[in-house]
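Starting off with a structure, shown below.
By letter and in written order, the chains are A, B, C and D; residue numbering begins at 1 in each of them.
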Amino acid sequence: MAAEVGLAARAHVNPAPELQPSPRTPPNSGCRLARVAARQKLGSMFVLRLRAPGWPGGAPGQFALLRHEASARFLPRAFSLHAQDGELVSFLIAPVGPGTEELAEAGVGEGVHVLGPLGHGFDLTEILAGTPRRLVVVGGGVGVAPFRLLLDRLTTHAAATLPEVVVLFGFRDDVQAECLAAFEPAVDRLRARGAAVELETICEDGSLGRAGLVTTLLQEVGLSAGDAILACGAHAMCQAVWDLGLAAGGVRAWFSLEAGMACGVGSCHGCVIRLADGSLAKVCRRGPVFGAGEVFGESRHPCAVPGGDR
Amino acid sequence: MAAEVGLAARAHVNPAPELQPSPRTPPNSGCRLARVAARQKLGSMFVLRLRAPGWPGGAPGQFALLRHEASARFLPRAFSLHAQDGELVSFLIAPVGPGTEELAEAGVGEGVHVLGPLGHGFDLTEILAGTPRRLVVVGGGVGVAPFRLLLDRLTTHAAATLPEVVVLFGFRDDVQAECLAAFEPAVDRLRARGAAVELETICEDGSLGRAGLVTTLLQEVGLSAGDAILACGAHAMCQAVWDLGLAAGGVRAWFSLEAGMACGVGSCHGCVIRLADGSLAKVCRRGPVFGAGEVFGESRHPCAVPGGDR
Amino acid sequence: MIDLSVSLGPLRLSHPLINASGTLDLFEVAAGLGDAILADPPVAAYVPKTVTLKPRPGNDPPRIVEVEAGMLNSIGLPNAGVEAFVADELPRLLALPRPLILNVGGFAPGEYALVAARLRRALQLHLGGGPPDGPSPSSDEIRAAVGGDLPAWTARVGLELNVSCPNVHSGCMSIGADPGETRVAVEGARAEWPGLLVVKLTPNVTNVVPVAQAAAEAGASAISLVNTFKGLVLDRVTLRPYLGGVTGGLSGPAIKPLALRFVYEVAAAVDVPLIGMGGVTSVQDVLEFMACGASAVAVGAAGFRDPWLPARLAAELGLALEGRGWSLSDLVGRAHRR
Amino acid sequence: MIDLSVSLGPLRLSHPLINASGTLDLFEVAAGLGDAILADPPVAAYVPKTVTLKPRPGNDPPRIVEVEAGMLNSIGLPNAGVEAFVADELPRLLALPRPLILNVGGFAPGEYALVAARLRRALQLHLGGGPPDGPSPSSDEIRAAVGGDLPAWTARVGLELNVSCPNVHSGCMSIGADPGETRVAVEGARAEWPGLLVVKLTPNVTNVVPVAQAAAEAGASAISLVNTFKGLVLDRVTLRPYLGGVTGGLSGPAIKPLALRFVYEVAAAVDVPLIGMGGVTSVQDVLEFMACGASAVAVGAAGFRDPWLPARLAAELGLALEGRGWSLSDLVGRAHRR
């Protein structure tokens, strides 16, 4: 905003349009040609590690738009930041359609256009400022992706300042659950720093013990006032999680939501969802992480669901 | 034609339409999913060897439509049969655009849809029946492709029945000329059987000696009555070759021509060229090999050129 | 096994998959790839290429060019004219073990009736059902017949009026762009043709609904859509028009969302069965056209990759319906239901 | 260095590449990816998203869906209305170091004039050139001005009339489908707007030429085309319409051959400069639109992949012309010359 006002002021100084042709995409524009550094299969998902020159780093819950340089698809695809290390940035991807399948076949050294980091992630400063009793991290399926970076970020906080961390992941089956391998080192590191971390996993088909949903786990750990939920997964999962939060009372929650995207930056108005108050919000700009109340409202049986009345 | 008459006769026997659903593509329909058996780079071109189950074999000058099973292009592409060995069929391909580049990257084991063999090739029986003085084979650029199979076919004829074979190839540069490696063994085999074979090559940029066109070579070997020309290359080359043939007099010639194709079988009427008499002919069905007179006429400065008056 | 058969007027199709006119020549395929395709054509009904009153050479080459997700053609309806068609093509067409939908083009609304009459007389001769070269039945006689007793051959042969070809300089597409001219063309053909009368519409219009309604009111027993979208491709180097006919018609997956819209709109507005087409390459596409309201689906340019594609899609349609536990009537028009 | 500058009425563009309305929001990009884009926008002129008289929420989600070689959108012109636009957007737009082409939508032909007048008054206030809230200049006064002395601000700001959005239930596209309504809309806006007046046409018409002629006669100083093609996408599973707005507009490479045809036809029929768009992704596309007759070219949905694409294409256009030894005027309209 400050920048915009500043520019508005300039208008009167420099009212004539400049006539020089624009340069090409500037080097630090957020639009980069990255190279595949590694691709690791983890059950039915894979981790795509890219070397993105000048990658500025992003927050957990932020995302990037990826498009293979030889893609036959028209639009890029959105993926949560999964891990980063300098110029290396990783994504945990579930191949579900043509765009994700192209990336599943990207060879080392091949180019991938990366636009990002984009959107607003989980604001750990704000969340921790509320001194939550516990951080309850809830991931469903590939919705677990952003929580690797989240755990990494927690590791940078003094253990004493951290509440207990409860990580609950739900998967379809044990093949999908193989992506756990991408999270365990982060959990171990956090524990090694003295933080109290619990990690529990359940599969819908019972292939890792009993059958159930991630909400089964959530009911078992028992939400109570002061808990802060950070969740990502299918819309129905998020809704069910928030219902439990409302039932417990005094629980705050943030959800990373999905929507089909074209631009990822707010240009196209394409990714809107309907909020609890009936208004529409761009997932890519206002989100993808939203406060529970904004999206689902504060009463237990909200009528307004994202997607509106189509 | 006989088949059609036969079927017409059947109409009165079986006038009612059958109501069973049709089966899928029948196994020996000419439409096959082949597998890449090998891909060999030869300078700026490459040889794609496919294993095509049930491949029936085709004549030199016939072609097939190829489309990679993961192709992002809508239409298949036409390529002359280059060599065959049972189920193995090879194509010599110059990557010039998106379709050929996809094939240039096809990995061993990947699927390629093959429709063929299609069209009418060089009719060796007819050509040799004219007891030509010499067979003058003229290829320009990737237009050399069909002549590997032609040389292989000549090898099956008794050497005594064969006239002298003069093979003249013109290339852009020495990198393009590296595809010669695909022809030399066939020439050697033919010689080993006692046939008189000469092979000469020239490059436009002089990178293999002096600079010149294939017509330079043709002028040097000197056409004369009784020669039979078999040529394939750019349209302008074919025209120039036939001008030399007409000048010599008493020369017969066959040209394998190109046209953009959609169906390759005569369904779409898309690949027509205008013949010397002003009529239009489907390259895929009546050709791709045409008699010189049909295409260029029998007088030295034809006004009607294929492509018509667009 | 799910019953995939559909009726288009007096024609009964064993399944909904046919070819789009001008994109499959069974006899050419047979000549190149073997006669098997004639003994068991991969379509539930066979639609030959458009025939016109007079012979036509078609447009200058080049006539086709690939574009993103499709191709343009500027073929220009080459054909030997209806007399040659009747003499040379019709006998072998009638020998095919499938119903036929003959496709007719015209350069003035009245031409359709002339060609329809010529074809009817030839069919009466071949298949019985009336004096071959007698006077045309009166319009009333045929209207009565359409409702009641049709000549037996109408179960074998239908007619499609191509009022939508974008690749000719007059007539055709300009007729189908105008409800009034379409009405005249269809009424004329209806008066000469007792059987299935399909009218093939162009999508190059501001509003297709009045044209579809005019066709239906004038006696069309079915509507097929879409023909190709008029487009232009330049030569990459010279930057001048690439096709001999300057403009051409776009077909292929690029037009599928546009074609679905036209089928959806016409299905909501008229009561006759629809034949949907435009970019069909997969069984998903077949499901979508039928959900929008098509009773039958035609494979066009995608069949160039594999002439047997319609048969494969028919088999896959059966499996898809089985998988969902749907009958054909659960599928057709589904997109319109809440 | 080749001179790439082009004039659109009183606007002078340093090169022909601009953005298509609704596909690039510089301020949103800046908020996400940094202010650099505001200091040096990747377009020769900036076209904001359509603004309407009253605020609009836009259509229900989902609003976009990818298809082969393109996407459909059913955004539905969400915007805060012209009053909020004038208060909140215009100041920061005027701070951009580029000429602007403000884009206006309407739901009746008369609405365009109301919005144009409101914008003109605001610009007079910001940039001088007349009493801000005084009475409208008479139509004659403005017509005189367009030919002669224009207020200085008309070199900074032009207006584009979107008479072609397919994603709203009334107005807009239906106006642009009708030459008479287009004439009324353009005449009204012309009476209120002394500067560059672009009219953006829809391709969802039988014949675009009469609409373009009506626009030009009514005072359009340029014509832009094409807006999106109306299409339909079904949900893959439910087989019901996927988009919240049921139908949507197709854009992207799928429509390029169709868009080229419209530009080619309009260039042959009217004398005003054209802004071409529809599926531009590469410098080859830019060359083709200009060869068909466009003086400027807009990047639409392909800019979603890279907001800086127009600037890259402008640089590549310079190289392409240099490589061929052509000036811009050798290129523009080339496809029409023998």
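In the analysis below, a residue touches a chain if its C-beta (ideal position, glycine included) is under 8 Å from a C-beta of that chain, and two chains touch if they have at least 3 such contacts.
Everything numeric here is computed off the predicted structure, so don't read it as measured data.
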Taking each chain's centre as the mean of its CA atoms, which one is most distant from chain D?
B
Here the gap between chain A and chain B, centre to centre from mean Cα coordinates and rounded to Å, is 55
Determine the centre-to-centre distance between chain B and chain D, using the mean Cα coordinates as centres, and give it in whole Å.
50
When the C-alpha atoms of chain B and chain C are each averaged to a single point, how far apart are the two points in Å?
35
In chain D, what residues contact two or more other chains?
67, 69-70, 253
Mark out which residues of chain A touch at least two other chains, giving numbers and ranges.
none
Select the category (line, ring, star, complete, other) that matches the graph of chains linked by touching.
line
Considering every pair of chains, which are in touch?
A-D, B-C, C-D
For a test of understanding, state which residues of chain C touch chain B in their complex under the given definition.
4-5, 12, 14-15, 22-25, 27-38, 40-45, 49, 57-58, 60-67, 69-71, 73, 75, 78, 91-92, 94-99, 126-127, 156, 241, 243-244, 252-253, 301, 303-312, 314-315, 318
Inside the complex, what are the residues of chain B that reach chain C?
3-5, 7-11, 14-26, 28-31, 65, 67, 73-76, 113, 115, 118-119, 259-274, 279-280, 285, 306-310
Going by the contact rule set out above, which residues of chain D touch chain C in the complex?
67-70, 72, 177, 204-207, 229-234, 236, 239-241, 247-248, 250, 253-258, 260-261, 264, 279, 284, 287-288, 291-292, 331, 334-335, 337
